[in-house]
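Here the chain labels run A, B, C, D, E and F in written order, and each chain numbers its own residues starting at 1.
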């Protein structure tokens, strides 16, 4: 690993957060988002991969009024402000679910399996949710 | 529903416990077994269906020494003493996993999908684990 | 009609507790009876009074306590499952040599027989779980 | 080598806590360092002192407390996840207006930053969950 | 009998087992992450459409709304609210909850 | 990189996604309910055998023993104990835990 340094001389590592669960059915999506936001405060080189049902986290038009839960999808839009700009969506998962880039609440990069394979191999730390 | 009566004049209902999870990976198999045992004390007409990964609950030769958990598989043998004698195994689940009747720690009736469909429809209460 | 409800998962982690709650509210509004709500597996974790959820989110435990109060619901936490997971009332705490308890108002701890009895006494049983 | 460990599921319900424990014991025996064990999601439920598991089964919480004592392990329970699920130490209890706490010996409650720091400071990070 | 399915058809096998073991003519209510099976244009759409010849499908509106997919429900699947869920539970002879 | 898979291949899609997104040559360690993928004579055996051309497979002995399936592990899958798990984690450049 060739770790970079933060301005204060701390280590910068490459983090990948792998989000594979649908929102609301379980809490993992929400609590993963909380981890991603915190990682930004540590000035780490973070990216988020949405794969399997995780791609549903970014679906536009979520409305939780009848469910009585908090709609946390707008927070994905706030990630950019925290310098978490690398949001990747697994192409195969997206297509299997009949989704396109236009369905997402934020701008994402759609990645093929082969692209994800090499990105993941390049990470220092992979965290799974 | 044509409920029968216990000796004390209580209602007897037809219960089916549907066990679909593997043992040890999660606690559902163990805690389902605890429910089945209790139901016997209520003199109910109980049967247990093992389907999907639930068929693994009955696998012979379980040894949890290295895992450090309690091996609860011998308890399935005790079910007969509690008059829980109707143990059904879903044929399709069993065969998909390469298992046969001889692999099981207790004597079971192997049932086809069609047989399970009509049995399940006949139940008063179905409990899922 | 009389309903028996089982909840298998804890608050927030899975939607099970939410769906069960909404189902029960709707059933009560229609004049149905909820014979008992039985909390099993991680469902017992719905019965702790120590949760402090975020201000902008629902308070699942409090919601159960209030619904129980309003409709005299019988909320039963399975004793065996509760012991594995650390949910205790004053009696359980004393019996097991603990220095405190954590059960929330409106919940009571009892045995698995209460689940079977609930099924026997009710017209329908629904399981909400993972 | 330095390890960072995250545990996402509670005791008994999933095997995650068991596997993590066995992994850590084996790593320590080999002379590796466990920088931190971070309990997230339902993993926070490993940190309650109110469990009373069956006599013939393992005592997961006690096992963690003892391992922490023996090896000076840093067992951190995520504060946000703990608030949702009802795990509190004396400070948290006071701050949130609760009448008691339930944290087990050897565990401490802290923020999510501790997870990121643990990853930064360690050579490997492993997640045990569902 | 009413069958409920609360798991995504992409992640877990619950819907498959339900379709195999539910009696023809049964009602199947998709709830929680199970509602993802109710959508058009996906990899599982054809499987569900085929099953609609054998079963009557329902999906819980609150769960569709929350997930932002209420506008792409397969024609012929009835969207119900929690009161509708209660009705389905009473109108059918029993409930089997596929987890 | 070491990939761990802890879900049954019959129940959840974790193994499939791992096989699709792990780099050729990676080590895959089956743990917990994931060990059911390591067995001969099942519906998933051929899939795993095909994947063995691309990956090196391991299975956790304690989990095989507990489930009573230690005697039917596919030839070429290495059974390891927890110490072996630790070694795999150190020898590989990182760990990806497929849940």
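The criterion applied here is as follows: contacts are C-beta pairs under 8 Å (C-beta built on N, C-alpha and C of every residue); 3 or more make two chains touch, one makes a residue touch a chain.
Since the structure is predicted, the reported quantities are computational estimates derived from the model, not experimental observations.
A.B. asks: Listed by label, which chains are in contact with chain B and with chain C?
C.D. replies: D, E
A.B. asks: Is the number of contacting C-beta pairs greater for A-D or for B-D?
C.D. replies: A-D
A.B. asks: Averaging only over C-alpha atoms, locate the centres of chain B and chain E and give their separation in whole Å.
C.D. replies: The computed centroid separation for chain B versus chain E comes out at 26 Å.
A.B. asks: Can you compute the centre-to-centre distance for chain B and chain F, using the mean CA position of each chain? Integer Å is fine.
C.D. replies: 28
A.B. asks: Show the residues in chain F shared as contacts by 2 or more other chains, in ascending order.
C.D. replies: Within chain F, residues 6, 10-11, 13, 32-33, 62-63, 81, 94-95, 97, 99 contact more than one other chain.
A.B. asks: Could you tell me which residues belong to chain D and also touch two or more other chains?
C.D. replies: In chain D, residues 8, 12-13, 15, 22, 41, 54, 80, 84, 125, 127, 129-130 touch at least two other chains, as defined above.
A.B. asks: Where in chain A do residues touch at least two different other chains?
C.D. replies: Answer for chain A, listing residues that touch two or more other chains: 24-27, 52, 67, 69, 124-126, 128.
A.B. asks: Quick one: which chain pairs are touching?
C.D. replies: Contact pairs between chains: A-C, A-D, A-E, A-F, B-C, B-D, B-E, B-F, C-D, C-E, D-F, E-F.
A.B. asks: Across the complex, what residues on chain F touch chain E?
C.D. replies: Chain F reaches chain E through residues 10-13.
A.B. asks: For a test of understanding, state which residues of chain F touch chain D in their complex under the given definition.
C.D. replies: That would be residues 4, 6, 31-33, 60, 62-63, 81-83, 85-87, 89-90, 94-95, 97, 99 of chain F.
A.B. asks: Once bound in the complex, which stretches of chain B touch chain E?
C.D. replies: 18, 20, 51-52, 90, 92, 113, 116-118, 120-121, 123-126, 128-129
A.B. asks: Show which residues of chain C lie in contact with chain A when the two form their complex.
C.D. replies: 12-15, 18, 22, 54, 56-58, 130
A.B. asks: What residues on chain F touch chain A, complex-wise?
C.D. replies: Of all residues in chain F, those touching chain A are 1, 13, 17, 20-23, 93-99.
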